[in-house]
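Below, chain A partners chain B and then partners chain C, in two separate complexes.
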Partner chain A sequence: MDDIAQSLLKRLVRRIPRQMLQPTLEKWGRLQKAQLESMDFTLSKYALTEKLLSICEENDWSTKHITELELLSYIIDNPNVGMWHAYQLLDPEDDAHTVELMQFKEQFKSHLTELIQNVSIKIKKHTDEAVWIRLAWGESFSQPNHFKPTYVVHYLQSPYVFMTSLKSKHRPLLDQALVLATRCQSIKDANLSGRKLIAIRDLLMKQYEQVFPSKFPRHIPENNENARNPLIEQEQSALSSNRLQMACEAFGGGKLPEIQSAVYRLKTKFRGHAKNMAQRKEPFKCVVKFSSTNLLESLRSCASSGIASTPVTPLLSSIPLKGRNYFVITDNGPGSSQTLHQQK
Partner chain B sequence: MVLFPTLSFRIFHSCLSRALSCSLTLSFSPSFSLSFFLSPSFSLLPLQLAPELVSLLTKAEWQLWYVTPLFQFKYTRLKSYSRQLSAFIAAERQQGVAVETEGGHGVKASFSLVQGLAEREGDTEAVLIQIASRPMFSRPDDPEKTIWSGWFSCVHGNVDYLTSLSQDFVCLPLFCSSGTENITSIVRSWFSRFFDCSFGCLEINHTTLQWLATLWTNCQQEADLQHLKMTWTVPVAPPMQITYTVNSEDAWDLWSSVRKSLRKDTEEEEAIDLEEVEEFMRELKSHFYRHFKLHLSISNSRYMMSTLSLLTECALLKMPI
Partner chain C sequence: MMLFVFVGVLSRLSFLEAQSKQKTGAQPQSRVQELKTKVEELKKQRDRLRAEIFVHQVTSEILLSCLLLGIHDFFLFILGGYDVIKTNQDKCLCFSLATAYQGDILETYNIEISVSQPLRIIRHNIPPFIPVMTLAEETDMQKNIRRFLDTLSLHLNAFTMRKQQLKLVKEQHLSVEVLETNALCSLLVLMLTEPNTNTALLCSLDYSDHTRGLPTRVTIQCEGTLDLSGSPQWQKNTALLQNTPVHEALQIMRKTGQII
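Right, the complex of A and B next:
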């Protein structure tokens, strides 16, 4: 095993949580039964690494095998490392919906290697219709860098692609390969990013509990101890349940996808009372960033508690509605200062 | 010893230079004070700070602390302190205290003197500490990466207080740190053990912050600063942070417009009063409210100026950059 493969393996074992080592190796399926049984998973990670290294030597494995293991462990356990960005494929050809896994794999590999010879590609399909791609990029005279791979996830039958750790210089190559392999015309930035892949996927593909307006406000139970005590009566309970209903309509009910931030680049005319500013033609340029460990949860809480006025402003409710968290907001035109127009 | 912060403001004109001078004094009773002097058109001494240092000081975001005088801190022993702090950090790491996210194989602390910030007699020279690490997969000749910076300074300290200290003490009351909380707490812990000092968070209240934001904007023309950035924390579950960054030219236009409408013609142009400051902040918040329907004032009133520590900029404004 060469140095790179050894370093990769050491790093991989360090990264995989202890309790996941055995299941991951079993799922990988490349170790022979006897070899797997010979590993004592109660030993330290250092000892386990040494054992694995010797097994790899026995089986004459190379970087290729280790990167396959890395892809698998990443899929299973680590899709929350780094920042994921969402993209959308546009204008599918007539036969785009017939593209299935094998065709996608072949086409993607062939197109990408045409564009850049020096790239290492690994593709694996996961159970939930997700195709995972691991890419290690090389320069003209150097080996592919396996220590900084790009991960791409595409949900077949949907126009969405998610990427992490991609350098801007490689982006056009990847875009081209994806577009050709999926039989679409182009790909655009979906303006959604976050640390948790599943969360941004759920947000974009609307896979979370949505709440619709109903004539009779549905009582969504809050985690409120007071609610259980019949002697405590909440003042303004109608108002507060109304706010709660509107908050849930805007952001969703139940558990919400965890995104960490939303950024608004405002280029609108100044909206205060200062007299001279009202005549000012130029927009008042500012950037507002909301951040939290679970931003949608925080925003819903702002709306239900009254910190944010209800009905919730379209700027904030656009996050779950449009599945994006980056917005450039401009005025619609010289006449209407009331409406806000969203740009891509 | 319990220290209670009190705040006092004085706006006055310096007879010598006819410039606007504003002094913010944060006094911690019983006898501890720290003050910064801001004077946009007043350049007395040509401060010579190395450009890399200026860049470091203005580009990082600093967390502010006050620190009690350091017992037997010697400027001649900086190299020795560097070695000892490096060893301390290594020891803390071995005990399992997480140091930085990229596992480096060596961390090295270096202490250096920052000349130029100590202006008046009685001020002590500022000390800069930088901690560098070597990332895991780097080659031997790769440059080290600075993962943490911090500095101690005393700029225009209260002369009475400084002269009252015994010779064994060095007073560097402002400590600024930039980097992970883990390393910051290790550094603080080392200092408190070695020099028998204690640290406290320099929390600045709502009024001061309004002043700082406004004064900063006021200086925009002189200093070509990039943007005005303010941060609020909203008390919801989970807590949410709102960072509102305004382009400096637009902030300046708003400020001028507020001043024009509030100031009577007879008043001196250079004096700024609280009404203007509050109006400026109200206008900024109003623009925000019209878009997001969220009242910033409802949020925790401890909002922090996080970009380009204003306190540093005040000192640096006098420099020909």
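Right, the complex of A and C next:
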């Protein structure tokens, strides 16, 4: 086993949480039964790494096998690798919806290797229909760098692609390969990013509980402790349940996808009382950023508790509605009504 | 007169459907059965009435006038039975498309449409692999919203049908291995085993017509020396798979000893 493979394995064992080590190795299925049984998972990670290294020597494994294990651990655990960015494929051809896994794999590999010979590609489909791609990029005269791989996740027959750790110089190559393999005409930035893949996926693909107006009022679970205490009566309960309904309609019910921030880039004229500012003809550029551990949950609480006015302003409700968290706002026309413009 | 009867029937039906969703657990069996028969009766009545209604082209002008005149229940009549409700936004309607299979109500999808000229889809909770925008263009939603909703409902019901069939295959046929599926449930590859010779057969079901719950093409392949796929029995099985929902077809094949 060469140095690279050894370092990769050591790094991988450090990264995988202790309780996930055994299930991941079992799922991988490459270790023989006896070898798996010989591993004592109560030992320290250092000891486990040493044991695993010796098993790898026994089986004569290379970087290829270790990268396969790394991909699998990412699929299973979705570790916090940095920022995930969402992209959208546009203008599918007529046969785009018949693209299935084998075809996509072949096409993607052949197109990407045409554009850049020195790249290591691994593709695996997860049970939830997500196709995971691991890419290690190499320069003209050096081996692919397995320590800084790019991960790409795509759901076949949906227009969405999620990427992380991609250098801007590699982006056009990856875009080209994806567009050709999925039989679409172009790909654009979906202006949505976050640390958790599942969160941005759920937001974009609408896999969370959306609340629609209904004739028969839903039973919305009240988190309010006061509601359960019969000795406390809420004044204006109709108003507060109305606010809650509107907050849920705007952001969703139940558990919301965990987005960490929303950025609004304003290019609007200054509105206010400061005389010298109001006289300026150029737009007043500023950036407003909302940050939170769970932004949508915070915004929904703001609306339901009355801190933010209801009905919820389209500036905020556009986050779940349009599935994006980066907006550029410009003035539109002499009436100076504000509109949301798409970047690019 | 028929209008009001129709509206009454539909309101009762929606109420029962909503009630059945809300009720949890402990219900005396007789009451549940009562409600079920009531639902069936009302459904039959609704279908009879639907068949008698002459369908006009439902344009945005008609919808707007209904909205302005305040006769919201008229929607149920002219739109052929979809649940419609006015939203808080100006001139916006929310349509509910229910899906069902073999007597069970499954997913309900919602789509909010702005009724002012031109008609615009605001939001929906339909999964991304069902091309809502393309369907809107193909059925010329601007000129006839009824046709768009009917087509969308057809796609959604067929998708739910296929998804449910796959779920039943996984539940009822543990000896059948599901090798390949996709999000739209338009492709299914199964591994079947013939009991006498223990041969493995690869069964591919292609559902290229997304408005149907039955496959458009069934292919059976056999690896190895014993090629059973050409035999008359397996040709019959291929026809069976093409004409019967997959979980029922597999049931029949298992009962007659074709597969394990």
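Heads up, the rule we're going with is that the second predicted complex is superposed on the first by the 319 of 344 C-alpha atoms of A that agree within 3 Å, B and C clash if a C-alpha of one lies under 4 Å from a C-alpha of the other, contacts with A are read in each partner's own complex, and residues count from 1 in each chain.
By definition in this document, a residue touches a chain if its C-beta (ideal position, glycine included) is under 8 Å from a C-beta of that chain, and two chains touch if they have at least 3 such contacts.
These numbers come from a predicted model, not from an experiment.
When both complexes are overlaid on chain A, the residue A:316 reaches chain B alone and has no touch with chain C. Legend: residue contacts after superposition of the two complexes on their common chain; A:38 is shown touching neither chain B nor chain C.
Look at A:143: by the touch rule set out above, it reaches neither chain B nor chain C. Looking at the shared chain after the overlay, A:237 reaches neither chain B nor chain C.
When chain A is checked against chain B and against chain C, the one touching more of its residues turns out to be B.
Once chain A of one complex is fitted onto chain A of the other, the partner contacts of A:155 are limited to chain C, with no touch recorded for chain B. Of the two partner chains, chain B is the only one that A:280 touches; chain C does not reach it.
In the superposed model, A:213 lies in contact with chain C only, and not with chain B.
By the document's definition of touching, of the two partners only chain B reaches A:290; chain C does not.
Residue overlap on chain A between its contacts with chain B in one complex and with chain C in the other: absent. Every residue of chain C that touches chain A in the complex is listed here, in rising order: 14-15, 18, 22, 83, 85-89, 94, 96, 110, 112, 122-129, 131, 180-184, 186-187, 208. Of all residues in chain A, only 97-98, 100-101, 129, 155-160, 205-206, 210, 212-216, 219, 246, 249, 311, 321 touch chain C in the complex they form.
Across the interface of their complex, chain B is touched by residues 7, 147, 264, 266, 268, 270-277, 280, 282, 284-295, 297-299, 301-302, 305, 307-309, 312-313, 315-316, 329, 340 of chain A. Across the interface of their complex, chain A is touched by residues 137, 234, 236-247, 250, 253-254, 256-258, 260-261, 279, 282-284, 286-288, 290-295, 298-299 of chain B.
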